[in-house]
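Dropping the structures in below, format is structure tokens.
Look for chain A in each of the two complexes below; its partner is chain B in the first and chain C in the second.
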Partner chain A sequence: MAVHALPRDLAETTAAYDRRRRNELLFFGAVVLALAALPLAVRDVYAQNVIVLTLMYAALSQSWNILGGYCGQISLGHALYFGIGAYTTSLLYTKAGILPWFGMLAGGLLAAALALALGYQLFRLAGHYFSIATIVIAEAGLLLVHNWDWAGAATGIQWPYVPDSWATFQFGRDKLPYIYFALGLFVVTWLVTFLIEGSRWGYWWRAVKDNADAAQSLGVMIFKSKMAAAAVSAFFTAVGGSFYAAFVSYIDPESVMAFQFSLLMALPAVLGGIGTLWGPALGAAILIPMTEVTRSYLGGSGRGIDLIVYGALIMVVALARPQGLVSLFTRRPAPKV
Partner chain B sequence: MIPPLLSVEGVSRRFGGLAAVSEVSLSVGPGEIVGLIGPNGAGKSTLFNLIAGAIPVSAGTIRFEGEDITGLSAPDRCRRGIARTFQVVKSFDSMSVLDNVVVGALVRHPHASRARLKAAEVLDFAGLAGRAAAPAGDLTPPEKRRLEVARALATEPKLLLLDEVMTGLTPAEAQKGVELVRRVRETGVTVLMVEHVMEIVMPLVDRAFVLHLGRELAHGKPADVARDPGVVAAYLGDRRRAA
Partner chain C sequence: MTPEIFIQILASGLLMGLIYALIAVGLSLIFGLMDVVNFAHGEFMMLAMYATFGAVLLIAIDPLFLAPLVVAALFVVGATAYLGVVQYAMRAKANLGMVQIFATFGLAVVIRGVAQLLFTPDYRNLPPNLLGGKTVSLGGIYLPLPQLAGGLVSVAAFTGLWLLITKTDFGKALEATREDAGAVALVGIDKNRVFTLGWGLGAALVGLAGAMLAINYYIYPDVGAPFALIAYVVVALGGFGSVFGALAAGILVGLVEAVSAVILPSSLKAVGIYALYLAVVFVRPRGLFGSL
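Let's turn to the complex of A and B:
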């Protein structure tokens, strides 16, 4: 027989929530400090390169997770937003001399605007149809850029060689600035997700994902929720694309807009735990170094082998831990208040 | 006379050639518990979906507090003060029990921290406070029904639509459900409930409204309705034969 709960327990119910949130933030702080110290211990340029890419994909996958994981709209066309960031920044810099920092913002805003325009049409589609449409649109974008002479068409855009400078965000050999920027990007995307998770949007998005009919009956604006998630997700994906362009100083359509990038944004979240705060980072920390290692061991002979390894890994996780690897670390039943 | 809280005026809904609901009119006064009963396929759930705004009407008008809400979407009707539960439980299974209820509370309390307090309060009212931290997917079926009611109550409705909340419960659980509905009414919420199990509805409701093949068959006090020859033939009669 259930005893009637006392008001004290009510306070306890919400206090438990506040405690969990604070602990999550403290843990995040500790992880960021450890990551900030990492490049001081790892001096090898190749390894530092891997760190940059891992942090970048952690941030990108977290951005993808906002729309795909929290709001449940599985996009397989995020390469489009990544490419928009990379191209906007590169074009503004090489054609008009506008510094990449402004290009980054412009690319983010442009991608968010495009996400809203596409979402206006695409969010009428349900489930798999939405995912298929995102693939098709991203491929169409790739073809357009391929044939756009002013933007370098298939040859792409080479950034000019300039002395090391924070203004142009160009550093010839030094990887540290890129590591810290990528870490910053990861911190921002994580914090944005953390704040959203505790806010009205976070509840609305998860409700939309779990059951749209029930959400609607509880006053949730489904369409508005999806649009907001798409815009935030696209913005940060494009910022990541801008960063990547500055990091490699040379882009062409295939190197920033290929379908593979869409997969590389979705897979870490799926592997680590979709719709969770730590899933994308955990997934990226496993997948990206693994890719780089298989690539360097196999050289040119094993093209695509990294993708086979991904596939195998995802299958194992899907069978053994459908909620992703993050669920290994939460006590069962998950103490989520 | 007090104006009705909800009035359904000549409402019809067709699915292709099938008229699921035909020219139904009914009204629910403030503070009432009204039962909507009828055999399977009578159109009860369709009528519910029309009132909640989940599907549009083919004809007719729905008024809430005297205002025409026929054209309003489900979220807008929720904001006006109509909340519902679902016949097939639709909990947010990736979220905790508390978070499920917070989604409802956000309608009146846009700040999540305030909504969480409200949700904790409603969970306590619904007798689920002890399960606040559990994932919604882990609840037992009767608990899930309670969660549905709690989530709807968190929107602070004036009218609560309960769609077969007692179905599948043991008599003891159903009795607890009946108590919950009574306590809901005591807080000033009007209740319109679809129910299959006559033994549960009849003692609980002030008035009963019988639907058969999409049309009104009878309405009035539960005892009168139960004696109505048409109702006995269409509904109770069938049951006796089946039993």
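Let's turn to the complex of A and C:
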């Protein structure tokens, strides 16, 4: 009963709906507690690194899912917002000494503002035209940063070495602070999605995705809905980028804005179940450790076996479970898109 | 800038644009036929480049004459991709568009991995041949022979494609299936067969482009990605599904790239293409010739 993320059935009574929502929250609380205890049991540094990345991608994919899954706008350019977060935070910190926490907020707001400005034009494009435009804009952003000397151009930005501190969010060896921040980010994005799902906005977005024309005729404000989804999604993606910059202490254009980041944000949601509450987290929990493990055990030789395994998995899941793996746990069939 | 230099820039842009059009038209054709964007399109081109490389080493004939062989091989690759992967993606009961994107993207990653496994990530280039590295002067305009040959081959391929679509039964079946894939079954056209041949044709066209590009480009497992991105831009700029649109947009992209390379720092020349693309779709959301 726990993993339900589907729209409220017309047949479902209010009481049953409230019970399902409460159960979802309780289940979520249990999962978070288990995740919080995990790093205390797993002390290996490599494994803790994988946990940080998995939680970060769960949060990023959850953010992507708000626009891509709930609103049906398939962005393949979210690396742009990730990069804006990483660069805003790094530049403010290294150039002006502004602590990463403020940089994080600034990066998020900047990304949200850019998403609104771009969305004003982009949301007039349909289907593949929208997806390709998002790729193109992200690639243009990557090229511009590549040629921006003040921001380090191709060399990137190295964060100064400082003693461990929460103020600068720099920890040399200790991974726990990063694990708990990434977990916190995941909790926030999950809760935002949970609240949206139960709100009028959530119904609007699903209506826009299922049938935009019908939704409009019923008075749903399509354009406003998409803009709001884009801004929320971009904000949290940029916060994730800021976190990543602080975590690795060194960024360059390729390592935060390459096309593969846009894919890595979309893939967990697709794998787990697009437009569902639990899909992105489930997808990230499978995809990220698998990517890391195949890369370290099969990719070192540069022989491409890691790519073959990775690509085959994407293909098999897309073909065999189009509604995502989360559908294995739900009783009702996923809604058709 | 003297007029000669300006004409020189436009001429090389035009030739490159014709190649871009040839890379993109297969993508556009497949999309027009069945509304699927093939995210493995660049990998098809990469395979064609390696096929040319391998054939040259094995048979020791000039790459120019091996192109028909490569085109035939890519036809088989495209038809196999449809029969092995895409036809199942078309049957998805949920998230159809998403399944198609990620099934073809997964295929692209697998092909890249296989290329790395078989050929290593090293950069290769063809041994000296008829055209490679040579230049011809036409009335004071210098044109590299590989690009000139590529441009002429592209024009020939577009002419052939136009004849195929307008004059043959297969072309009519292609057009009819594009119009209404459900209704063609009623007049005895096997939809699945048309789709298979369409994928073969689309891959064969990008295969031809790959065979021509192999003459003067480095060959490596990721070589398809930058060309694929340009192909998506060309297809969206021309209008998804439009063959003529792919030709016109390809040429336009080639010209804009050549001019951007002169007025912008060379590392930013792609920004010129992106800016053109965005400027067009913001005014015409379905591209220049899109009618969907």
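By definition in this document, the second predicted complex is superposed on the first by the 310 of 337 C-alpha atoms of A that agree within 3 Å, B and C clash if a C-alpha of one lies under 4 Å from a C-alpha of the other, contacts with A are read in each partner's own complex, and residues count from 1 in each chain.
Assume contacts are C-beta pairs under 8 Å (C-beta built on N, C-alpha and C of every residue); 3 or more make two chains touch, one makes a residue touch a chain.
Since this is a predicted model, take the numbers as computed values, not measurements.
**Student:** Is A:45 touching the first partner chain B, the second partner chain C, both, or neither of them?
**Tutor:** In the superposition, A:45 touches no partner, neither chain B nor chain C.
**Student:** Go through the superposed model and pick first if A:328 touches only chain B, second if only chain C, both, or neither.
**Tutor:** neither
**Student:** Between chain B and chain C, which makes contact with more of the residues in chain A?
**Tutor:** The partner making contact with more of chain A's residues is C.
**Student:** In the overlaid three-chain picture, which partner chain does A:221 touch, first (chain B) or second (chain C), both, or neither?
**Tutor:** Only chain B; A:221 stays clear of chain C.
**Student:** Once chain A of both complexes is superposed, is A:204 in touch with chain B (first), chain C (second), both, or neither?
**Tutor:** first
**Student:** Return first, second, both or neither, reflecting whether A:213 touches chain B, chain C, both chains, or no partner chain.
**Tutor:** first
**Student:** Return first, second, both or neither, reflecting whether A:17 touches chain B, chain C, both chains, or no partner chain.
**Tutor:** A:17 sits against chain B, while chain C stays out of touch.
**Student:** Indicate the residue numbers of chain A shared between its chain B interface and its chain C interface, in ascending order.
**Tutor:** In chain A, residues 334-337 are touched by chain B and also by chain C.
**Student:** Which residues of chain B touch chain A once you look at their complex with the stated criterion?
**Tutor:** So the residues of chain B touching chain A come out as 52, 54, 73-75, 78-79, 83-84, 86, 90-96, 98-99, 102-104, 106-107, 110-113, 115-117, 120-121, 123-124, 127, 129-130, 132-135, 138, 151-152, 154-155.
**Student:** Can you list the residues on chain C that touch chain A in the complex?
**Tutor:** Chain C residues touching chain A: 31, 37, 85, 88-89, 92-99, 101-103, 105-117, 120-121, 221, 225, 229, 232-233, 236, 240, 265, 267-268, 270-271, 274-275, 277-278, 281-282, 285-287.
**Student:** State the interface residues of chain A toward chain C in the complex, per the touch definition above.
**Tutor:** Per the stated touch rule, the residues are 74, 121, 124-129, 131-133, 135-137, 139-140, 143-144, 146-147, 259, 263, 267, 270, 274, 302-319, 322-324, 334-337.
**Student:** Flag every residue of chain A that touches chain B in the complex, lowest number first.
**Tutor:** Its residues touching chain B are 2, 4-5, 7, 9-10, 13-14, 16-17, 198-200, 202-204, 206-207, 209-211, 213-222, 275, 333-337.
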